[in-house]
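Note sheet for the following structure.
The first chain written gets the first letter, and so on, giving A, B, C, D and E; residue counts start at 1 in each chain.
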Amino acid sequence: MIVGEVVGSLWATRKDKKLNGLTFLVIKPNSYGNPVQHDYFVAADNAGAGIGDTVLVTRGGAARKSLAAADVPVDAVIVGIVDSLELAHR
Amino acid sequence: MIVGEVVGSLWATRKDKKLNGLTFLVIKPNSYGNPVQHDYFVAADNAGAGIGDTVLVTRGGAARKSLAAADVPVDAVIVGIVDSLELAHR
Amino acid sequence: MIVGEVVGSLWATRKDKKLNGLTFLVIKPNSYGNPVQHDYFVAADNAGAGIGDTVLVTRGGAARKSLAAADVPVDAVIVGIVDSLELAHR
Amino acid sequence: MIVGEVVGSLWATRKDKKLNGLTFLVIKPNSYGNPVQHDYFVAADNAGAGIGDTVLVTRGGAARKSLAAADVPVDAVIVGIVDSLELAHR
Amino acid sequence: MIVGEVVGSLWATRKDKKLNGLTFLVIKPNSYGNPVQHDYFVAADNAGAGIGDTVLVTRGGAARKSLAAADVPVDAVIVGIVDSLELAHR
(Lines give C-alpha, C1' and ligand atoms only; values in the text may rest on other atoms or scores of the structure.)
Protein backbone atom coordinates (compact mmCIF):
# COMPACT_ATOMS: atom_id res chain seq x y z
CA MET A 1 0.00 0.00 0.00
CA ILE A 2 1.08 3.58 -0.15
CA VAL A 3 0.67 6.55 2.13
CA GLY A 4 -0.42 9.84 0.64
CA GLU A 5 -2.10 13.13 1.30
CA VAL A 6 -5.57 13.98 0.01
CA VAL A 7 -5.03 17.11 -2.09
CA GLY A 8 -8.14 17.35 -4.20
CA SER A 9 -11.38 15.94 -5.43
CA LEU A 10 -12.90 15.01 -8.74
CA TRP A 11 -16.42 15.25 -10.13
CA ALA A 12 -17.75 13.19 -12.99
CA THR A 13 -21.44 13.06 -13.79
CA ARG A 14 -21.11 10.93 -16.92
CA LYS A 15 -19.59 7.74 -15.59
CA ASP A 16 -20.03 3.98 -15.22
CA LYS A 17 -23.16 3.51 -13.07
CA LYS A 18 -21.24 1.12 -10.82
CA LEU A 19 -19.26 4.15 -9.62
CA ASN A 20 -22.38 5.97 -8.35
CA GLY A 21 -22.19 6.94 -4.69
CA LEU A 22 -18.40 6.79 -4.48
CA THR A 23 -16.26 9.82 -3.66
CA PHE A 24 -13.12 10.22 -5.73
CA LEU A 25 -10.16 12.00 -4.14
CA VAL A 26 -6.83 13.06 -5.57
CA ILE A 27 -3.86 11.56 -3.71
CA LYS A 28 -0.34 12.98 -3.51
CA PRO A 29 1.96 10.07 -2.60
CA ASN A 30 4.24 10.60 0.40
CA SER A 31 7.76 11.01 -0.95
CA TYR A 32 9.57 10.31 2.36
CA GLY A 33 12.00 13.11 1.60
CA ASN A 34 12.79 11.77 -1.86
CA PRO A 35 13.11 14.73 -4.27
CA VAL A 36 11.45 12.78 -7.09
CA GLN A 37 7.71 13.29 -6.62
CA HIS A 38 5.52 10.45 -7.84
CA ASP A 39 2.47 11.33 -9.84
CA TYR A 40 -0.77 12.11 -8.14
CA PHE A 41 -3.56 9.62 -8.70
CA VAL A 42 -7.24 9.19 -7.90
CA ALA A 43 -8.69 6.81 -5.30
CA ALA A 44 -12.23 6.00 -4.21
CA ASP A 45 -12.75 6.82 -0.55
CA ASN A 46 -13.79 4.11 1.89
CA ALA A 47 -12.55 5.74 5.09
CA GLY A 48 -14.34 9.08 5.27
CA ALA A 49 -11.22 11.01 4.28
CA GLY A 50 -11.07 14.73 3.58
CA ILE A 51 -8.68 17.29 2.12
CA GLY A 52 -5.41 17.37 4.04
CA ASP A 53 -5.78 13.90 5.56
CA THR A 54 -2.89 11.48 5.37
CA VAL A 55 -4.34 8.20 4.13
CA LEU A 56 -3.44 4.59 3.45
CA VAL A 57 -4.32 3.52 -0.09
CA THR A 58 -4.58 0.02 -1.49
CA ARG A 59 -4.19 -0.38 -5.21
CA GLY A 60 -4.79 -3.06 -7.83
CA GLY A 61 -7.28 -5.88 -7.56
CA ALA A 62 -7.03 -5.76 -3.76
CA ALA A 63 -8.67 -2.33 -3.72
CA ARG A 64 -12.08 -3.76 -4.62
CA LYS A 65 -11.92 -6.05 -1.57
CA SER A 66 -12.60 -2.97 0.54
CA LEU A 67 -15.90 -2.23 -1.18
CA ALA A 68 -19.25 -3.94 -0.65
CA ALA A 69 -19.59 -4.94 -4.32
CA ALA A 70 -16.92 -6.95 -6.13
CA ASP A 71 -17.61 -5.60 -9.60
CA VAL A 72 -16.87 -1.90 -9.10
CA PRO A 73 -14.26 -0.73 -11.64
CA VAL A 74 -11.86 1.04 -9.28
CA ASP A 75 -8.16 0.26 -8.94
CA ALA A 76 -7.34 2.35 -5.84
CA VAL A 77 -9.27 2.74 -2.58
CA ILE A 78 -8.52 4.73 0.58
CA VAL A 79 -8.68 2.04 3.29
CA GLY A 80 -7.58 4.05 6.33
CA ILE A 81 -6.73 7.44 7.81
CA VAL A 82 -3.14 7.47 9.05
CA ASP A 83 -2.79 8.65 12.68
CA SER A 84 0.99 8.44 12.79
CA LEU A 85 3.87 7.29 10.64
CA GLU A 86 7.11 6.61 12.50
CA LEU A 87 10.37 6.23 10.60
CA ALA A 88 13.39 4.70 12.36
CA HIS A 89 15.94 6.34 10.07
CA ARG A 90 15.76 8.08 6.77
CA MET B 1 -7.35 5.52 -11.13
CA ILE B 2 -5.74 8.21 -13.14
CA VAL B 3 -6.98 11.33 -14.84
CA GLY B 4 -5.90 12.03 -18.38
CA GLU B 5 -6.74 13.78 -21.60
CA VAL B 6 -7.89 11.96 -24.72
CA VAL B 7 -5.32 12.92 -27.35
CA GLY B 8 -5.80 10.37 -30.06
CA SER B 9 -7.36 7.22 -31.38
CA LEU B 10 -6.17 3.89 -32.68
CA TRP B 11 -7.41 1.58 -35.42
CA ALA B 12 -6.70 -2.11 -35.60
CA THR B 13 -8.59 -4.38 -37.98
CA ARG B 14 -6.59 -7.53 -37.22
CA LYS B 15 -7.25 -8.06 -33.54
CA ASP B 16 -8.63 -10.45 -30.94
CA LYS B 17 -12.34 -10.87 -31.76
CA LYS B 18 -13.23 -10.13 -28.15
CA LEU B 19 -12.14 -6.54 -28.81
CA ASN B 20 -14.68 -6.03 -31.60
CA GLY B 21 -16.97 -3.06 -31.01
CA LEU B 22 -14.67 -1.30 -28.58
CA THR B 23 -13.18 2.13 -29.26
CA PHE B 24 -9.55 2.56 -28.32
CA LEU B 25 -8.36 6.03 -27.34
CA VAL B 26 -4.90 7.37 -26.57
CA ILE B 27 -4.62 8.90 -23.10
CA LYS B 28 -2.14 11.54 -21.97
CA PRO B 29 -1.94 11.29 -18.17
CA ASN B 30 -2.49 14.51 -16.22
CA SER B 31 0.89 15.55 -14.82
CA TYR B 32 -0.48 17.97 -12.17
CA GLY B 33 2.31 20.41 -12.99
CA ASN B 34 5.02 17.77 -12.65
CA PRO B 35 7.61 18.34 -15.41
CA VAL B 36 8.12 14.59 -15.88
CA GLN B 37 5.44 13.50 -18.35
CA HIS B 38 4.25 9.93 -17.96
CA ASP B 39 3.89 7.86 -21.08
CA TYR B 40 0.71 7.92 -23.06
CA PHE B 41 -1.26 4.71 -23.09
CA VAL B 42 -4.36 3.25 -24.73
CA ALA B 43 -7.71 2.66 -23.02
CA ALA B 44 -10.99 1.18 -24.21
CA ASP B 45 -13.79 3.72 -23.94
CA ASN B 46 -16.85 3.01 -21.83
CA ALA B 47 -17.97 6.59 -21.23
CA GLY B 48 -18.52 8.02 -24.69
CA ALA B 49 -15.33 10.10 -24.56
CA GLY B 50 -13.91 12.12 -27.42
CA ILE B 51 -10.71 13.95 -28.34
CA GLY B 52 -9.92 16.67 -25.80
CA ASP B 53 -12.05 15.23 -23.01
CA THR B 54 -10.55 14.86 -19.55
CA VAL B 55 -11.34 11.35 -18.42
CA LEU B 56 -11.07 9.01 -15.45
CA VAL B 57 -9.33 5.74 -16.34
CA THR B 58 -9.29 2.51 -14.37
CA ARG B 59 -6.43 0.14 -15.03
CA GLY B 60 -5.52 -3.46 -14.26
CA GLY B 61 -7.99 -6.25 -13.60
CA ALA B 62 -10.53 -3.72 -12.32
CA ALA B 63 -10.88 -2.24 -15.81
CA ARG B 64 -12.79 -5.27 -17.10
CA LYS B 65 -15.38 -4.80 -14.36
CA SER B 66 -16.66 -1.83 -16.34
CA LEU B 67 -17.43 -3.93 -19.42
CA ALA B 68 -20.38 -6.25 -19.99
CA ALA B 69 -18.19 -9.29 -20.63
CA ALA B 70 -15.57 -10.47 -18.15
CA ASP B 71 -13.22 -12.05 -20.65
CA VAL B 72 -12.27 -9.04 -22.75
CA PRO B 73 -8.48 -8.64 -22.88
CA VAL B 74 -8.21 -4.96 -21.97
CA ASP B 75 -6.19 -3.54 -19.08
CA ALA B 76 -7.44 0.07 -19.13
CA VAL B 77 -10.96 1.46 -19.52
CA ILE B 78 -12.30 5.01 -19.52
CA VAL B 79 -14.96 4.88 -16.79
CA GLY B 80 -15.98 8.55 -16.61
CA ILE B 81 -15.74 12.02 -18.12
CA VAL B 82 -14.27 14.44 -15.58
CA ASP B 83 -16.37 17.58 -15.08
CA SER B 84 -14.02 19.24 -12.63
CA LEU B 85 -10.85 18.49 -10.73
CA GLU B 86 -10.21 20.67 -7.69
CA LEU B 87 -6.79 20.77 -6.07
CA ALA B 88 -6.41 22.24 -2.58
CA HIS B 89 -2.72 23.01 -2.97
CA ARG B 90 -0.08 21.98 -5.41
CA MET C 1 -2.93 -1.14 -23.13
CA ILE C 2 0.18 0.09 -24.80
CA VAL C 3 1.28 0.48 -28.38
CA GLY C 4 4.71 -0.76 -29.36
CA GLU C 5 6.85 -1.99 -32.19
CA VAL C 6 7.94 -5.61 -32.54
CA VAL C 7 11.74 -5.43 -32.55
CA GLY C 8 12.83 -8.97 -31.83
CA SER C 9 12.04 -12.51 -30.86
CA LEU C 10 13.02 -14.90 -28.13
CA TRP C 11 13.67 -18.63 -28.06
CA ALA C 12 13.46 -20.80 -24.98
CA THR C 13 13.44 -24.57 -25.21
CA ARG C 14 13.51 -25.20 -21.46
CA LYS C 15 10.31 -23.61 -20.28
CA ASP C 16 6.99 -24.16 -18.53
CA LYS C 17 5.06 -26.63 -20.73
CA LYS C 18 2.03 -24.35 -20.63
CA LEU C 19 4.01 -21.94 -22.82
CA ASN C 20 4.47 -24.49 -25.62
CA GLY C 21 3.19 -23.30 -28.99
CA LEU C 22 3.34 -19.61 -28.12
CA THR C 23 5.57 -17.14 -29.96
CA PHE C 24 7.38 -14.62 -27.79
CA LEU C 25 8.22 -11.25 -29.31
CA VAL C 26 10.24 -8.33 -27.97
CA ILE C 27 8.25 -5.09 -27.81
CA LYS C 28 9.65 -1.55 -27.90
CA PRO C 29 6.99 0.71 -26.38
CA ASN C 30 5.93 3.72 -28.46
CA SER C 31 7.38 6.79 -26.74
CA TYR C 32 5.11 9.35 -28.49
CA GLY C 33 8.09 11.67 -28.88
CA ASN C 34 9.01 11.44 -25.19
CA PRO C 35 12.82 11.32 -24.92
CA VAL C 36 12.66 8.86 -22.01
CA GLN C 37 12.45 5.41 -23.60
CA HIS C 38 10.60 2.80 -21.59
CA ASP C 39 12.16 -0.62 -21.30
CA TYR C 40 11.51 -3.24 -23.88
CA PHE C 41 9.52 -6.23 -22.72
CA VAL C 42 8.34 -9.58 -24.03
CA ALA C 43 4.78 -10.46 -25.07
CA ALA C 44 3.16 -13.64 -26.34
CA ASP C 45 1.68 -13.12 -29.79
CA ASN C 46 -2.01 -13.68 -30.43
CA ALA C 47 -2.37 -11.52 -33.54
CA GLY C 48 0.08 -12.99 -36.04
CA ALA C 49 2.53 -10.11 -35.59
CA GLY C 50 5.98 -9.92 -37.13
CA ILE C 51 9.16 -7.85 -36.86
CA GLY C 52 8.44 -4.18 -37.57
CA ASP C 53 4.71 -4.36 -36.89
CA THR C 54 3.11 -1.79 -34.61
CA VAL C 55 1.00 -3.71 -32.14
CA LEU C 56 -1.48 -3.26 -29.32
CA VAL C 57 -0.42 -5.11 -26.16
CA THR C 58 -2.53 -5.96 -23.13
CA ARG C 59 -0.70 -6.58 -19.88
CA GLY C 60 -1.46 -8.02 -16.47
CA GLY C 61 -4.16 -10.54 -15.70
CA ALA C 62 -6.21 -9.28 -18.67
CA ALA C 63 -3.59 -10.62 -21.06
CA ARG C 64 -4.59 -14.24 -20.41
CA LYS C 65 -8.16 -13.45 -21.43
CA SER C 66 -6.92 -13.34 -25.01
CA LEU C 67 -5.64 -16.93 -24.91
CA ALA C 68 -7.69 -20.13 -25.18
CA ALA C 69 -6.46 -21.47 -21.83
CA ALA C 70 -6.80 -19.51 -18.59
CA ASP C 71 -3.79 -20.99 -16.83
CA VAL C 72 -0.98 -19.90 -19.15
CA PRO C 73 1.67 -17.97 -17.18
CA VAL C 74 2.01 -14.93 -19.45
CA ASP C 75 1.55 -11.32 -18.35
CA ALA C 76 1.58 -9.61 -21.76
CA VAL C 77 -0.15 -10.58 -25.02
CA ILE C 78 -0.24 -8.90 -28.43
CA VAL C 79 -3.99 -8.52 -29.04
CA GLY C 80 -3.98 -6.53 -32.29
CA ILE C 81 -1.96 -5.11 -35.18
CA VAL C 82 -2.28 -1.32 -35.26
CA ASP C 83 -3.32 0.03 -38.66
CA SER C 84 -3.17 3.69 -37.69
CA LEU C 85 -2.60 5.82 -34.64
CA GLU C 86 -3.88 9.39 -34.88
CA LEU C 87 -2.80 12.02 -32.38
CA ALA C 88 -4.73 15.29 -32.11
CA HIS C 89 -1.85 17.23 -30.58
CA ARG C 90 1.40 16.28 -28.98
CA MET D 1 8.98 -10.06 -5.13
CA ILE D 2 11.23 -7.40 -3.79
CA VAL D 3 13.69 -7.25 -0.94
CA GLY D 4 13.59 -4.28 1.40
CA GLU D 5 14.40 -3.03 4.85
CA VAL D 6 11.75 -2.30 7.46
CA VAL D 7 12.26 1.36 8.32
CA GLY D 8 9.06 2.37 10.04
CA SER D 9 5.56 1.63 11.12
CA LEU D 10 2.14 3.13 10.61
CA TRP D 11 -0.90 3.52 12.85
CA ALA D 12 -4.43 3.98 11.63
CA THR D 13 -7.40 3.65 13.97
CA ARG D 14 -10.04 4.66 11.41
CA LYS D 15 -9.69 1.97 8.78
CA ASP D 16 -11.47 -0.81 6.90
CA LYS D 17 -12.45 -3.39 9.54
CA LYS D 18 -10.93 -6.14 7.42
CA LEU D 19 -7.53 -4.64 8.25
CA ASN D 20 -7.98 -5.09 12.01
CA GLY D 21 -5.21 -7.11 13.63
CA LEU D 22 -2.67 -6.50 10.89
CA THR D 23 0.62 -4.69 11.45
CA PHE D 24 1.62 -2.20 8.77
CA LEU D 25 5.32 -1.57 8.24
CA VAL D 26 7.14 0.91 6.02
CA ILE D 27 9.51 -0.76 3.55
CA LYS D 28 12.58 0.80 1.95
CA PRO D 29 13.30 -1.22 -1.20
CA ASN D 30 16.84 -2.57 -1.57
CA SER D 31 18.52 -0.54 -4.31
CA TYR D 32 21.38 -3.02 -4.98
CA GLY D 33 23.79 -0.11 -5.28
CA ASN D 34 21.60 1.74 -7.77
CA PRO D 35 21.72 5.48 -6.95
CA VAL D 36 18.06 5.92 -7.85
CA GLN D 37 16.12 5.07 -4.68
CA HIS D 38 12.67 3.64 -5.23
CA ASP D 39 9.86 5.01 -3.12
CA TYR D 40 9.11 3.54 0.25
CA PHE D 41 5.81 1.72 0.56
CA VAL D 42 3.69 0.02 3.20
CA ALA D 43 3.22 -3.73 3.62
CA ALA D 44 1.18 -5.83 6.02
CA ASP D 45 3.42 -8.11 8.07
CA ASN D 46 2.96 -11.87 7.94
CA ALA D 47 6.45 -12.90 9.07
CA GLY D 48 6.92 -11.28 12.46
CA ALA D 49 9.26 -8.62 11.09
CA GLY D 50 10.63 -5.66 13.03
CA ILE D 51 12.47 -2.42 12.41
CA GLY D 52 15.80 -3.03 10.70
CA ASP D 53 14.90 -6.47 9.33
CA THR D 54 15.56 -7.25 5.69
CA VAL D 55 12.38 -8.77 4.33
CA LEU D 56 10.89 -10.40 1.25
CA VAL D 57 7.70 -8.68 0.11
CA THR D 58 5.08 -9.98 -2.30
CA ARG D 59 2.91 -7.41 -4.04
CA GLY D 60 -0.27 -7.35 -6.06
CA GLY D 61 -3.03 -9.92 -5.92
CA ALA D 62 -0.53 -12.58 -4.81
CA ALA D 63 -0.02 -10.77 -1.50
CA ARG D 64 -3.44 -11.79 -0.20
CA LYS D 65 -2.56 -15.45 -0.74
CA SER D 66 -0.31 -15.18 2.31
CA LEU D 67 -3.17 -14.17 4.60
CA ALA D 68 -5.86 -16.41 6.13
CA ALA D 69 -8.73 -14.43 4.59
CA ALA D 70 -8.99 -13.81 0.84
CA ASP D 71 -10.89 -10.55 1.07
CA VAL D 72 -8.41 -8.36 2.94
CA PRO D 73 -7.70 -5.16 0.98
CA VAL D 74 -3.89 -5.24 1.09
CA ASP D 75 -1.61 -5.14 -1.94
CA ALA D 76 1.73 -5.90 -0.25
CA VAL D 77 2.61 -8.47 2.41
CA ILE D 78 5.92 -9.34 4.10
CA VAL D 79 6.20 -13.09 3.42
CA GLY D 80 9.67 -13.79 4.84
CA ILE D 81 12.67 -12.49 6.77
CA VAL D 82 15.77 -12.59 4.58
CA ASP D 83 18.73 -14.39 6.20
CA SER D 84 21.16 -13.77 3.39
CA LEU D 85 21.22 -12.30 -0.08
CA GLU D 86 24.16 -13.38 -2.25
CA LEU D 87 24.99 -11.52 -5.44
CA ALA D 88 27.31 -13.10 -8.00
CA HIS D 89 28.34 -9.80 -9.55
CA ARG D 90 27.02 -6.29 -9.40
CA MET E 1 7.15 -10.78 -19.44
CA ILE E 2 10.66 -9.58 -19.00
CA VAL E 3 14.05 -11.02 -19.79
CA GLY E 4 16.74 -10.85 -17.14
CA GLU E 5 19.92 -12.39 -15.85
CA VAL E 6 20.09 -14.42 -12.66
CA VAL E 7 22.63 -12.57 -10.52
CA GLY E 8 22.04 -13.89 -7.04
CA SER E 9 20.04 -15.93 -4.61
CA LEU E 10 18.18 -15.34 -1.40
CA TRP E 11 17.72 -17.40 1.76
CA ALA E 12 14.88 -16.99 4.21
CA THR E 13 14.21 -19.57 6.89
CA ARG E 14 11.41 -17.65 8.60
CA LYS E 15 8.81 -17.38 5.88
CA ASP E 16 5.25 -18.18 4.86
CA LYS E 17 5.02 -22.00 4.82
CA LYS E 18 3.47 -21.86 1.36
CA LEU E 19 6.87 -20.76 0.09
CA ASN E 20 8.63 -23.91 1.33
CA GLY E 21 10.48 -25.78 -1.39
CA LEU E 22 10.78 -22.81 -3.73
CA THR E 23 14.11 -21.34 -4.80
CA PHE E 24 14.30 -17.55 -4.86
CA LEU E 25 16.68 -15.93 -7.33
CA VAL E 26 17.70 -12.31 -7.83
CA ILE E 27 16.99 -11.04 -11.36
CA LYS E 28 18.75 -8.19 -13.13
CA PRO E 29 16.41 -7.01 -15.90
CA ASN E 30 17.88 -6.85 -19.40
CA SER E 31 18.28 -3.16 -20.24
CA TYR E 32 18.62 -3.63 -24.03
CA GLY E 33 21.36 -1.02 -24.10
CA ASN E 34 19.26 1.52 -22.19
CA PRO E 35 21.55 3.36 -19.73
CA VAL E 36 18.81 3.50 -17.09
CA GLN E 37 19.05 0.21 -15.20
CA HIS E 38 15.81 -1.09 -13.77
CA ASP E 39 15.85 -2.38 -10.23
CA TYR E 40 16.71 -5.95 -9.49
CA PHE E 41 13.90 -8.08 -8.13
CA VAL E 42 13.34 -11.58 -6.78
CA ALA E 43 11.55 -14.41 -8.61
CA ALA E 44 10.69 -17.97 -7.64
CA ASP E 45 12.33 -20.44 -10.01
CA ASN E 46 10.24 -22.88 -12.04
CA ALA E 47 12.72 -23.58 -14.82
CA GLY E 48 15.82 -24.92 -13.08
CA ALA E 49 17.73 -21.67 -13.58
CA GLY E 50 21.16 -20.91 -12.15
CA ILE E 51 23.49 -17.95 -11.68
CA GLY E 52 24.34 -16.35 -15.01
CA ASP E 53 21.36 -17.77 -16.90
CA THR E 54 19.25 -15.45 -19.03
CA VAL E 55 15.67 -16.15 -18.09
CA LEU E 56 12.09 -15.27 -19.00
CA VAL E 57 10.11 -14.03 -16.00
CA THR E 58 6.35 -13.69 -15.67
CA ARG E 59 5.07 -11.24 -13.09
CA GLY E 60 1.79 -10.41 -11.40
CA GLY E 61 -1.10 -12.81 -10.93
CA ALA E 62 -0.03 -14.76 -14.02
CA ALA E 63 3.13 -15.90 -12.23
CA ARG E 64 1.20 -18.27 -9.96
CA LYS E 65 -0.23 -20.03 -13.02
CA SER E 66 3.19 -21.59 -13.49
CA LEU E 67 3.17 -23.25 -10.06
CA ALA E 68 1.30 -26.41 -9.04
CA ALA E 69 -0.60 -24.65 -6.23
CA ALA E 70 -2.73 -21.55 -6.85
CA ASP E 71 -2.35 -20.06 -3.39
CA VAL E 72 1.41 -19.48 -3.25
CA PRO E 73 2.15 -15.82 -2.44
CA VAL E 74 4.68 -15.10 -5.20
CA ASP E 75 4.39 -12.31 -7.76
CA ALA E 76 7.25 -13.30 -10.10
CA VAL E 77 8.24 -16.71 -11.46
CA ILE E 78 11.02 -17.77 -13.84
CA VAL E 79 9.08 -19.63 -16.56
CA GLY E 80 11.88 -20.33 -19.04
CA ILE E 81 15.61 -20.26 -19.81
CA VAL E 82 16.29 -18.04 -22.80
CA ASP E 83 18.36 -19.73 -25.51
CA SER E 84 18.57 -16.72 -27.80
CA LEU E 85 17.21 -13.23 -28.05
CA GLU E 86 17.34 -11.68 -31.52
CA LEU E 87 16.82 -7.96 -31.98
CA ALA E 88 16.07 -6.57 -35.45
CA HIS E 89 17.34 -3.08 -34.64
CA ARG E 90 18.18 -1.25 -31.48
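Methods note: a residue touches a chain if its C-beta (ideal position, glycine included) is under 8 Å from a C-beta of that chain, and two chains touch if they have at least 3 such contacts.
Which chain is which protein? Per UniProt: A, B, C, D, E = Ethanolamine utilization protein EutN.
All values reported here derive from a predicted model rather than from experimental measurement.
> Tell me which chains count as touching both chain D and chain E.
Both chain D and chain E are touched by no common chain, going by the contact rule given at the top.
> Rounded to the nearest whole Å, what is the centre-to-centre distance of chain A and chain D, using the mean of the C-alpha atoms as each centre?
Roughly 19 Å separates the two chain centres.
> Using CA atom averages as chain centres, what separation in Å is found between chain B and chain E?
Averaging C-alpha atoms per chain gives centres 30 Å apart.
> Could you say which residues in chain A touch two or more other chains, in rising order?
Where chain A meets two or more other chains at a single residue, that happens at 60-61, 63-64.
> Take chain A as the starting point, go toward chain D, and spell out the full loop of chains.
The ring, traversed starting at chain A in the chain D direction, is A, D, E, C, B.
> So in the complex, which bits of chain C are touching chain E?
Going through chain C, the ones touching chain E are 7-16, 18-19, 24, 26, 36-37, 39-44, 51-52, 60-61, 63-64, 71-76.
> How about chain C: which of its residues touch chain B in the complex?
By the definition above, chain C touches chain B via 1-3, 29-32, 34, 38, 46-48, 56, 58-66, 77, 79-90.
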